[in-house]
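Each chain gets a letter, A, B, C and D, in the order it is written, and its residues are counted from 1.
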């Protein structure tokens, strides 16, 4: 009989304690960032898709060594280059990133010895078409300079 | 609670729980033969998001496979990566600088806390309480922010490298981690008041879904399932790896074998992980984060290697059969929830469906990790 | 109060309007309240503070196609949501909001409300049965046992109050509680009961109201993590909308009844405050109770079906029976 | 401790080493290389835990399997996993069983058995370890190894109608 009533009593008390906690939470400020209206700045090391780094002349730093292509686990990098007459280094002519397959592991950035690749801070990527995620990084680089 | 009835075969019906069901937390299907609300027989059907990570291991080089491990378990990704890098380092004899080991341990423990927090919220939501999930996610958000600042991603980290880690931690991380620990302890108190003490919650879990020690052993259960049944088994203690012997922490063991014991184990584990993080931050030595000498191409000598680690979900084993090449000959991933989930079929016989689903929640399932 | 046909129509329209408006905006209040408890903003895009959310939701639901699953019992499937909404609206007719604002007072008002309330669980049974869905079926079976288990203590507690008031007339029950808040039935001191167990009666009644209206922590009927959505798994469009509004209308009725039976109806808590119209006090008490409903829902996990039945048969029914006998004894003595 | 006991118990499964092996070691280098390329003979090997991550490595004949697993079951080992390895050069499939312990008496045992690649079949151990059920199903679907006596040998992770075995080395998607 005593346990019967003490069980009811302690049960009730535990319920009131729980209600007390949610009551306190009710008056605390909200923590949500209402996304499209406010945005957060991405931290320095945020890993978006890769982007080419330009040198002083506005050209890509890339020397078309192909290390990133080989390091990529998902084979999403296609690049090509040519060696113009009289130049020492190869010049990048094509750099396609197939972002649909990229898993943002960062192997390409890590493998690059020529400081030619970086992570972008872009995260607002949305589209209904697959082609929108096949990035021509060289074109993006040129667009940035305009 | 107990099925007291004897049945005729035509008195039962088949209930398909899943592949899309709120309680399965992913695409898991359980085919239940029911008698009213009682389960007569259950058969778990898995494999809906099977991605064949093991075959991928056989076509990718060792560094290329790094990111696959974090895709196995999206909540406690770092623990799995830890197992992988430890295995390859052991096989190919790469020395890891002490600082890197400490950073790894801190990160894995942070990740474990975040995983347990999510489990806590999801588990209470399985039982019908929604608010604790939101509180847990708020605390988890702090961890994710910290991990993002160091690793660059929030969920599927690719942070550990053979021989060390990818980025060094900075002072900001250390100070925010130090700030996080007391805040988390305070929240834990709140959770205990709000949830653990709650009479409805206790009534739902006490004595529900007993898993005997023998059953654990026959199925190879680990993590809270084993520890909730009174088995003192934690790979970090039983088979110390990395820098875990340096830390002073306890392995919570509860002997009640019920769902509440499993819950208590995980909640206590958060506390112990906080202790490890605290000690790790105190002891964090200076030095490099990658070894000076490291083979350019990783080619472990031919042989058979095994490494077990304690992830947030239990004992994760990874076996490497190398033929001396730069691609593994065979890579086997032993996922802990695979074994834990397997036990469900037998354990849930005769249970009511709501108890069975609470039991399923207490197993801490992450379906991509079962399906691999 | 003479009743013409026009009066009846106006009264019914007002009752329906009140019920529908309450149901719609309680959804908004619940979502905002839950969000505050969980430290989220909640619906805040449509209109100021998201106040346009309920009508827009309604438009969305109405624009959707009503899908009747193959093999379902068509008539019952369509009748069920109507049946869920109907008793709640009908009950409003007899609720006295103040001394003057009442559509039709009856001297058996309590009986009428209970009669209608018990048809509410029929709606769940019809919905579960006709959907041809195993989850819905299980849910409706649960709903029956739950309704049976909780109507008993609820009625016994109500009889206690009726005994004290000596009337089944809701207005009479309220009038008996006039004076300061100490005269209310919940408080044992100055009221005409002198029964120190009245707060327990109040708790029993409140718990039963929670269970009767299928609210958390007793929302076993729709237990979304177990039975997907319970009895309304197969309902979409306005069928679902009616169930949803019915739930909130039932909450309003339950809270009205609690206010009348225990919290002194339209009476002001202190005599000198009685210059404020009674309807204000009634609505204040009503919405405070509803807020408690919402607060409880977002705090506790769900009970099990056997936990629920245990609570009813082992705790609520014995306690309420004891309380009934005790009150009867007290009334005899004094 | 338990390591030694298990080792002794498992050693009883193997006949004492034949004297021929000693002779083989003494032969010239060319022959030695040939031996090394051949699949390992059945037997119990103690491995360096620090390098390989396990203590005992027993390779045995498929018909000795149940006996060996019973020994481990009686010694209270728990089952970690079952998997296969395709040794296509030897035209053999290997089934690997991992066992470990819950207590602090650290001992990891690996039991392996090799079967012919054309008709791979080993006895099931589900009667001893219930938990072997899924592991065996998985190994069956990935390698096509038949576990004789298994109660429910249908694909687990692959679709129900899958008739291919993706982890075989000659599997082409």
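In the analysis below, a residue touches a chain if its C-beta (ideal position, glycine included) is under 8 Å from a C-beta of that chain, and two chains touch if they have at least 3 such contacts.
Since we're looking at a predicted model, the values are computed, not measured.
Colleague: Tell me which chains count as touching both subunit A and subunit C.
Modeller: In this structure, the chains that contact subunit C and also subunit A are B.
Colleague: Greatest Cα-centroid separation from subunit B: which chain?
Modeller: Of all the other chains, the one whose centre lies farthest from subunit B is C.
Colleague: In angstrom, rounded to a whole number, how far apart do the mean CA points of subunit A and subunit D lie?
Modeller: Result: the chain centres lie 43 Å from each other.
Colleague: Taking each chain's centre as its mean C-alpha position, how far apart are subunit C and subunit D in Å?
Modeller: Subunit C and subunit D have C-alpha centres separated by 65 Å.
Colleague: Which whole number of Å gives the spacing of the CA centres of subunit A and subunit B?
Modeller: 25
Colleague: Would you please write down the residue numbers of subunit C that are in contact with two or more other chains?
Modeller: 37-40, 298-300
Colleague: Among the residues of subunit B, which ones contact at least 2 other chains?
Modeller: Correct list: 131, 135, 138, 194-195, 198, 200.
Colleague: Can you list the residues of subunit A that touch 2 or more other chains?
Modeller: 12, 15, 18, 21-22, 25, 31
Colleague: If I apply the definition of touch given earlier, which pairs of chains qualify?
Modeller: A-B, A-C, B-C, B-D
Colleague: Name, in rising order, each residue of subunit A that touches subunit B in their complex.
Modeller: 10-12, 14-15, 17-18, 21-22, 25, 31, 43-47, 71-73, 103-107, 110, 119
Colleague: For subunit B, which residues count as touching subunit A in their complex?
Modeller: 60, 63-68, 71, 131, 135, 138, 141, 148-153, 156, 158, 166-167, 190, 193-195, 197-200
Colleague: List the residues on subunit D that touch subunit B in their complex, please.
Modeller: Answer in residue numbers: 50-54, 57, 76-81, 83, 85-86, 96, 98, 100-104, 106, 108, 110, 129-131, 133-134, 142, 155-159, 166-167.
Colleague: With touch defined as at the start, can you tell me which subunit C residues reach subunit A in the complex?
Modeller: 33, 35-41, 44, 203, 295-296, 298-300, 315
Colleague: If we count contacts the way the header does, which residues on subunit C are in touch with subunit B in the complex?
Modeller: For subunit C paired with subunit B, touching residues are 34, 37-40, 134-135, 138, 141-142, 216-217, 219, 223-226, 228, 298-307.
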